[in-house]
Structures are given as structure tokens and as C-alpha cells.
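For clarity, chains are labelled A, B, C and D in written order, and residue numbers in each chain start from 1.
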Amino acid sequence: MDIAMIGLGRMGANMAQRLHRGGHRVVGYDPGEGARQRAAEAGLEVVDSLAAAVSALPVPRVVWLMVPAGETVDQTLGQLTPHLAEGDVVIDGGNSNYQDSIRRAKALAEDDLGYVDCGTSGGVWGLQEGYSLMVGGDAAVVEQIAPLLRTLAPAEDRGWARVGPSGAGHFTKMVHNGIEYGMMQAYAEGFALMERKQEMELDLAQVAEVWRHGSVVRSWLLDLSTEALKRNPSLDGIAPYVEDSGEGRWTVAEAIALDVPAPVITLSLLERLRSRESNSFTDRLLSAMRNEFGGHAIKKS
Amino acid sequence: MDIAMIGLGRMGANMAQRLHRGGHRVVGYDPGEGARQRAAEAGLEVVDSLAAAVSALPVPRVVWLMVPAGETVDQTLGQLTPHLAEGDVVIDGGNSNYQDSIRRAKALAEDDLGYVDCGTSGGVWGLQEGYSLMVGGDAAVVEQIAPLLRTLAPAEDRGWARVGPSGAGHFTKMVHNGIEYGMMQAYAEGFALMERKQEMELDLAQVAEVWRHGSVVRSWLLDLSTEALKRNPSLDGIAPYVEDSGEGRWTVAEAIALDVPAPVITLSLLERLRSRESNSFTDRLLSAMRNEFGGHAIKKS
Amino acid sequence: MDIAMIGLGRMGANMAQRLHRGGHRVVGYDPGEGARQRAAEAGLEVVDSLAAAVSALPVPRVVWLMVPAGETVDQTLGQLTPHLAEGDVVIDGGNSNYQDSIRRAKALAEDDLGYVDCGTSGGVWGLQEGYSLMVGGDAAVVEQIAPLLRTLAPAEDRGWARVGPSGAGHFTKMVHNGIEYGMMQAYAEGFALMERKQEMELDLAQVAEVWRHGSVVRSWLLDLSTEALKRNPSLDGIAPYVEDSGEGRWTVAEAIALDVPAPVITLSLLERLRSRESNSFTDRLLSAMRNEFGGHAIKKS
Amino acid sequence: MDIAMIGLGRMGANMAQRLHRGGHRVVGYDPGEGARQRAAEAGLEVVDSLAAAVSALPVPRVVWLMVPAGETVDQTLGQLTPHLAEGDVVIDGGNSNYQDSIRRAKALAEDDLGYVDCGTSGGVWGLQEGYSLMVGGDAAVVEQIAPLLRTLAPAEDRGWARVGPSGAGHFTKMVHNGIEYGMMQAYAEGFALMERKQEMELDLAQVAEVWRHGSVVRSWLLDLSTEALKRNPSLDGIAPYVEDSGEGRWTVAEAIALDVPAPVITLSLLERLRSRESNSFTDRLLSAMRNEFGGHAIKKS
């Protein structure tokens, strides 16, 4: 198929490459000149405007957005849709909020444009191993872009599916990331406990390697952790500072909105917030209270 | 009544003083010379050995231990009991583990010595305001020492009770402290949230003061927090470092042993542990994992 | 002062009564005939329309809303404001979301109407004991209604304050309720642990009563718990089902939005959601997984 | 090699079978006649006493225990060791507490008997796929039994290792299970959230299947969950009741003892306790408190 890939950052460039290798014609565009240049050097067909990307495609056109979630998607759609015509399809493969995706699909449908929300997992390994793709949208439109999904997925018929109507792809990806937070936190707590148990003289990478084969906790995240621990067993030089990119917050909000208690996913998010506190007011007040009622010494900052 | 107070630290000295002021004769002893001297200067009758404390009392003797929980209690009992005789009574007013108290009561009972476990709450304010006393042990023995309990409590017949058999006093105090952790954490989180909401320009001490009168969250801990926030509104100079003294751990262990889910008390303890982590391995591994799968930048330490 | 009280439910009727007893003239209105009748029987001056309530007041008029948070407030304002004129003041004493209050204050300011958000705590006890009032809004407007606040509060100058600009009153009340959830959960967990420890034969009301005097955990919520446990020691006939009324959810969302980890308040909310789950999918999937990997028996539903 | 397998339950019988198929001579014993009979029918060499098992082996003898953790291990060792002689080796492959394993290794060392603690993961799938084996003990003794470990593990040199001194095997397995709880809970919460979101019409097994290929959350537990959801999409007939088998409790206790905050592992355990509460006193007291201060209706049980 012919496709335009809008956004050639880490994820977009890799996906464009995988599609290209899979025999599709990919026209790439990114507002950043550096990103365009790197993509061109990697052998992709690159243009220097959204309009050029669209006009390079045969109708009906298929445009894949791989841009930062939020306002950038709306801005890109605002610039893109005037160049599109009835029957064209836009796919949002980023980490958009599913409610935005439902809204956008409705708006584009008014101009007879197809809109597909595609939750994409796989990170930097997707180029080689393929991406896990959760797709939401009209069934006929999803069928139309199926050749692209087959190429991006790890295997033709595995690792992708239309999971439901508009929004279902990003909803599912949001939950995926919530689960990811919980799993990561569970591993990290366990390894931290082993690290602290010094008399056992455990080699954490060795334990992780044993677990990779036959254990109940084997997983891809464990594979990656094993690599990280082999390269840097004591995790020197890494600050205890954990970012979050939004999907975890949405998962927590959604769970509460639906009255679903999700304590582990929620705590995993809160632990990340906690990792970024440098002078917690909560803890200072606790220390002050202990001093107040018990005369317990306060540690001076 | 006549009583020996063994242990003249912050708590023991105050309790001895309150008993003294209440008309009891208190013979004080502490292994530390400084503590003995301070107690003597405060007007207490002080002796310089356990044996002297015991021999200064009429039979049946009543000895109140206010020493650090754990081995010190066993050591003190080991030195004390040879000087005691049938019918004498020992009271442990410290924060002992209730299981130790059950064991000790049994051991002393074999020598016909009474043993009472008394959970004591009130902190440094107890001298003025009286102590809340949760008493475990044989009903007749508790009756025998009731005059002391009436003096130590905030009011003759309020703030103390025999709550059950041996161990019940310290069990109840343990749970009290678990609840205390949860309440403190709830307040601290709430004030931290208000502190962060800078556009509201809240004066935390003012809010606390409003809440002290008529609100659902009014409490003594709130009174103390109000004082702390009035004196030091931004809690300057206080490190975000929160100690724990053991009873919270026991509460968590007991709850799990009895299959009672106590998530808030438990989390309150874990948050204190967290406050003392300076370079969390958990968080470093989380950061390493994110880099591993997503190429997300690691913050360097 | 003269004031109209709009909303004569449990809270509104009591507040109207307290104002009336305090020497103010209160004109009451409620859309429900039953509520109006009960208020009239209680000796209040009751009218049968918003318009009548407004026209019964001297200018500048002061109208206190005590209606359900959310749409009802907007609807009431929509019906009310056409009858108001420059300089009149509306107070929202309910549990509105602080963001709504900021929006409403702005909207009313365009018509030169004053708007005060007043977080009100005290529940059914406020009539006798007075209410804790956290007030947000323009300082001059708050000064104008101060006589009402002095009457509603537990003491003239205690238990109320203008804590900040528009929204600050409801923001503060929101946090108050978040703290309330955490405190309640801490107590409830502790009492549940004591209830389970059957060999101690604890009388929970007795323990609570001891704690009320001199202990670190003494509070108004403990006073109320003591009463509840005295009347019904085993809490017979009460379902393990805990409602929540919204402020807890807002507190959790706000804490996450501000990157303030508030695990205990958050967990307290999630525990309430959990109490209302009758056939948790989470738990059923956990049971299914255990069977899947370990052959562990599944309990049949 | 020649080996006696003591305990022919689900795990022991499978491990005996895998060793047998791998070319080792396995003499099996179980105190239960049914278990012995099933093992004999499955082609194993079965004897009817511990003494017979031992005497069937050449020296130095190797005996593998696969019996319930706790007292049964001590009882079995008490009956077994009189039949053993210097140089013989006992392996505990069950889920023993690592502190017991350290104690037992010391006790057996006094009689010059080797003792190896082997954490075993893999569940009912181990027969086919091999077991993940975390081994603690003297390096020379572990080397001696390496042929068995190579056969039990998924691949000769993968999925097993001597991870440290006595106790390290069971310590590591304990942490493994703690992580397992956290991962399971994270998945279960995520699927529960998707199940509740009815307007998305998600097919949970389909989503799980997509995630199995290329996603960040792919894992063996996800493979198993997918199977469970395919067979029984709405998990009908499964009670929301989740057992725990002890290692999670030990992990929580160990983490607290070492001052390592492990909130997600801890909460995962507490959620299991919660799943087994049928009439939570905590929740009933919360409901009673709400009624007490706010007049909120209590749901009758």
C-alpha cells in the first residue's frame, strides 16, 4: 500500500521503516528538519510539508499520525484535513486519550473521512520484533488498512486486531500501560528486596536470568530487566526518578470513574510521583507531628 | 499508694511526677545517672539500684516499668524479680509487644507475682493532661493498682480501663498506634495537597484552626498540627524523614496474620520506610526499564 | 441580617434554624413541598418560590444555597440571578467542585453579583455545635456576610475564616473530606483488627471510650464511633457497603494533577469502591490464573 | 543419577516423571496410598516407606523432598535422617520459609549431611516445559546434584542456578512469588476495567491475544490469562475468592523487616485477604460512622 507517515520521531521513524521493509511505499513527513534528514538517510521517501505528503499519495489516501498526544494531534488534523477528501483515512497511532479519539472520529466522519485509533506497543524493539496493535474504528475502514497492520505486527495474523469501535484502540492501550506500571513496580520492588538482602550475596541478573526460563514471572519486561541488570548490576549513575507519560493517570481516573478499584495500578502511579518528590511536605509534617506529641527528635534538613 | 518507677526517661519521669503530684509516694530508679539526677532535682525520691527501689516499698510491692521495649524489659525483670515476693506486682507501661507481655505474665505467675501490661498514650502532654491507659491482666491485680491508674488518667474514672486479660493492654495500644499512623498520614497528605496548590494562597495554620472548631476532622492530632504550622508555616529545617517505633510494624503483621486487610495502616507504615530511602533501587530499576523498552531518557544521578 | 436559605434538606434546614436562633431573619425556600412544610413547622419563614424568597429581602440581598452539588447549583443560579441586582450576594454552602465555584464566581461577577464559596463541615451536629466554615471569595464580600458566618460557626471568631479567593473554600472543604476518608478508614481498620482478635475479648466501645481521654488518637470521629459501638457493639444489621459523595474522588484527581502522592487518601476511596463490588472480576480472574498455572482449586460461585 | 522423590503430589509426581524421562532412576515415596498408586500407574518406581526409599539408593544418596512447607518438612527430616549417612544430600524443593531452610541446613551439616534449598517455579506446566530452579546451598553439594537440575530445568544450562548460600534458593523463590502476586493483580485490575467498560464491547481474550505478540506486557501469565478468558470469557462460576499460600506474606514481612517499601506487592496480598471477607467489620464501621456524623443512610444487611 501507499501511506504517509506524519511524525518521524523514535516511534514514527521505526514504524515507517518496518512498513518500507515490508513492501509498502511510505512517504514521510516531520515538522523537524533533523528528523526528516535522519529518515531520508535511512532510505525513506521524505517530503517537506503535510500537503506534499498528501499529494504524493493515490486516492483513497491513508495517513498515519505518529505525533505527540494532545494538542499536536488536533493541530496536525487541522492542517491535514483540508487536503483530504471523502474516503481518505487517518490513523492515530500515538498515545492519545481515547475520549479525544472518539471526538476526532466523529468530527472527521462529518467530512466522510475515516479515522482509526491504533494503540501501539512495542517501544524501540518494534522495528525488529513487530508492534502490538490495538485498533478501534469502523470495521470496513480497519479492513482497508489491514495490509499495513499485518506488516507492523509481529506476525501477519498475530499481534493486531480491531478490538472495538472508535476509541477502543486507545482505551485498550491506556489499560495496557496501566498494567505495565503495575508489573514494572512489582518487579522493581522484588529486585530491590533482593538487593537489600546483602547476606544472600545475590547476583540479580543471574536470578533474573533463571526466572526467564520456566518461572511463573517470565515476561518480556523481565527479559529487559535482565539485560539492564547485566550491563549495570548496581544501577550506578541512574537517578531514582521515574517519569510517567499520562496513560497511567488516565487509567486511574477511568477506574475511579467506573467504580473499579485498581489499587495496584493506582499505587504504581503514585510511587512514580513519589520518586520525584525531593522535599516531601507530607513527610516533613509527619516528622513535625511526631515531635509535637511525643517529643521525638526531628531530623534537620 | 507506694510505687517504684523504673525508668526515668521522658515518659517515666513525667508519669512519676504525675503520680507524685497525685499524692502517691514514688521511688524512682534509672540506670542512667543523668536521668536519676534530673528526677531528683524535680523533687522525686530517687534511689540508685533496683534493689534499693524494691526495699524502699512496703509489701505487697508495686513496681512500674517504663523502660525501652524489647530486651531491656526482660533484662530488667531478670534483675528485679529476685528481689520480689509472692503478691508483688509489676506493671509494664512501655510499648512492649503484646506477645512478650503474655509470655512475661505467665513466667511471673509461676512465682506468684502479678504482671500487668499497660498501654500508655499521651506523649509529652500526659503530665498535664493525663494518660490514656489500656490495661491487660488479672482483674484482681488491676483492681489493686487502680488508685495509680486513676491518678495517671485524665479523670478519675475516664481514660483508663482493664480491657482484657494479659496482653490485651499492649495489643490495644499497638492497634492505637497503627490507627495513629493512618490518621497522621491522612492529615499530612491533605496539608501537602493544600501547600502545593499555590494559586489558592492558603495559610495552612489558618485552615487547620478553622477545622479545629466544628469540623468532622477535628482531633487532638489536628490541634498539634495547627501548633506546628503556626510556629513554622513552611516547615523549614525539618527533613522529610519519618521514624517509626515498632508498633506500626506489629499492627501490620498482626492484621495479616489474622487475615484482616488494613491497607491504610499498612501504607502509612510503608510511606515512613519510603521517607527514609535516599537512593531507591526500586525507582532506579523502573527508570532503567523505561529506558530499555521505550528509549526514554534516564535521569543521571 | 436578612438572608434567604435556598434548599431546606437536612443541612439547609439546620443551618436556617441556627441562623434564626442567632437572631437573623431567614426566608426559606425549597422546591420540595415536604421540605417547606417541615421547615415551616419548625418555625421558619417559608416562601414558595425563588422569586418570593428574593423579593422578601432588603437590598443588597444575601442568598445562601444549600442544594445538591452539580447541575442543581447551575439550574438554581439560572433561575435565581434574573431576580438579583448589582451588589447582591450568593453563597454556595454545599459540596461543589471548587472549579465550578471559580467559574460561577466569574460569571456572576460579570453582572456585579458577589459569589462566595463556603465549605461547610459539621453534619447533623452543626445545628447544636456550630459549623466549621471555609470561605472563598472577595474579601469585602466575605466581610459583608461575616455576621452570618459568626452565627453559624461554633464560636463568634472560631471555626470560620476567609481562606482565599474564589474556589478556596470548596477546595479546602474537598481536602477536608479526603482527610476524613483516610481517618475513618484508619479507625475502621484498627477496630476491625481488634474485633477479629477474639481471644482478647475486647469490648470495642470500652476501648474507644478509653482512647477518647488523653490518647493520641482522640477526635470527634472517635467520639462518634464510640457512640455507634455502644449502641450496636457488633454492628448488626449494617451492610458492609460504603458510599462516597464525590469530594474524595476530586481530592484524588487533584492530588494526581498536582503530582502530590496521597496514597492513604486514595486507598481510602478505593476501599469504598471495593466495598460495593459484589462479584469482583479482578478476584475471579486472579482465581482463574492461579488455577491455570498451579492447578489450584477454584472456589465455585 | 539415582534419586528418591519424597512427596508425590501434583508437583512431586510431575518432577519425578520429568527426571524419569530424563534418564534418571527415581524411587518415589508418599505417605498417601493414593498418591503412591497414581505414581506407580504412571510408571514410576514406588516404595512404601521412607526407609525403603533410602535403602533403594546407592551412596551417597540424594533425596528430594516435595512435601508441604512447614511442619511436614521437619517431621519428614526427623524420620529420614536416621537412615542417612555422611555425604548424603537432601534437597527441599518446596515452598519452605528461607529461615527454616537455613536452620535445617545447619542442623543437617552437624551430621555431615548436605542440604540444598531449591525454589521451584513452573506449576503444572513444569513437566512439559521444565522448571525454573533457584538453588541455595554449598557450592560443591549443588554441583553434585547438577545433573538433576539440568534435567528439571527448561534447558540444560538455562533456568537454574546456585544463587547463593543456604536459604538463598527459598529466599529468591519467596520474592518471585511476591512479584507474581503483584503482576497478577496488575493484569486482573486491567482486565476488570476493560470488562466494566461495556460500551467498548471488548472481547477480553482477543485483547489479551493481541498483547501476547509484541506488547510491553507480554508474559507467561498473560498467555495463561488468555487461555482462561478464551475458555470462559465472563469467568462464570468462579467465585471472587483468592487464596494465598504463604510466600506473599513472608515477602511482605521481609520487606518491612529490611525497611524496603514494597507497596504493590503488599497491596496485592491485602487484596487477596479482602477477597475472602464476607462481612467486613471495617466497612460496616465506616457506614456506621457516615450515618453518625452526616445522617447518611445505612444500607441494611
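Quick note on the criterion: a contact is a pair of C-beta atoms (placed from the backbone, for glycine too) under 8 Å apart; a residue touches a chain by one contact, two chains touch by 3 or more.
None of these values were measured; they are calculated from a predicted model.
Chemist: Relative to subunit B, which chain has the most distant C-alpha mean position?
Modeler: The most distant chain relative to subunit B turns out to be A.
Chemist: Between subunit B and subunit C, what distance separates the C-alpha centroids? Give it in angstrom.
Modeler: Computed value for the inter-centroid distance: 33 Å.
Chemist: Measuring from the mean C-alpha position of subunit C to the mean C-alpha position of subunit D, what distance in angstrom results?
Modeler: About 48 Å, centre to centre.
Chemist: Provide the C-alpha centroid distance between subunit B and subunit D, rounded to the nearest whole angstrom.
Modeler: 39
Chemist: Could you list the positions in subunit B whose residues touch two or more of the other chains?
Modeler: Those would be 123, 185, 187, 189, 192, 196, 216, 220-221, 259-263, 267, 271, 274, 277, 282, 293.
Chemist: Taking chains as nodes and touches as edges, what kind of graph is this: line, ring, star, complete or other?
Modeler: Here the contact pattern is complete, since every chain touches every other one.
Chemist: Which residues of subunit C touch subunit D in the complex?
Modeler: Residues of subunit C touching subunit D: 10, 123-125, 184-185, 187-189, 191-192, 195-196, 220-221, 224-225, 227-229, 232, 235-243, 263, 267, 271-272, 274-275, 277, 279-296, 298-301.
Chemist: Report the residues of subunit A in contact with subunit D in the complex, numbered from low to high.
Modeler: 121-123, 126, 129-134, 153-155, 158-161, 163-165, 167-168, 171-172, 175-183, 185-187, 189-190, 192-194, 196-197, 200-203, 206-207, 209-222, 251, 254-255, 258-265, 267-268, 271
Chemist: Given the complex with subunit A, which residues does subunit C contribute to the contact?
Modeler: Residues in contact with subunit A: 216, 249, 252-253, 256, 259-263, 266-267, 269-271, 273-274, 276-277, 282, 293.
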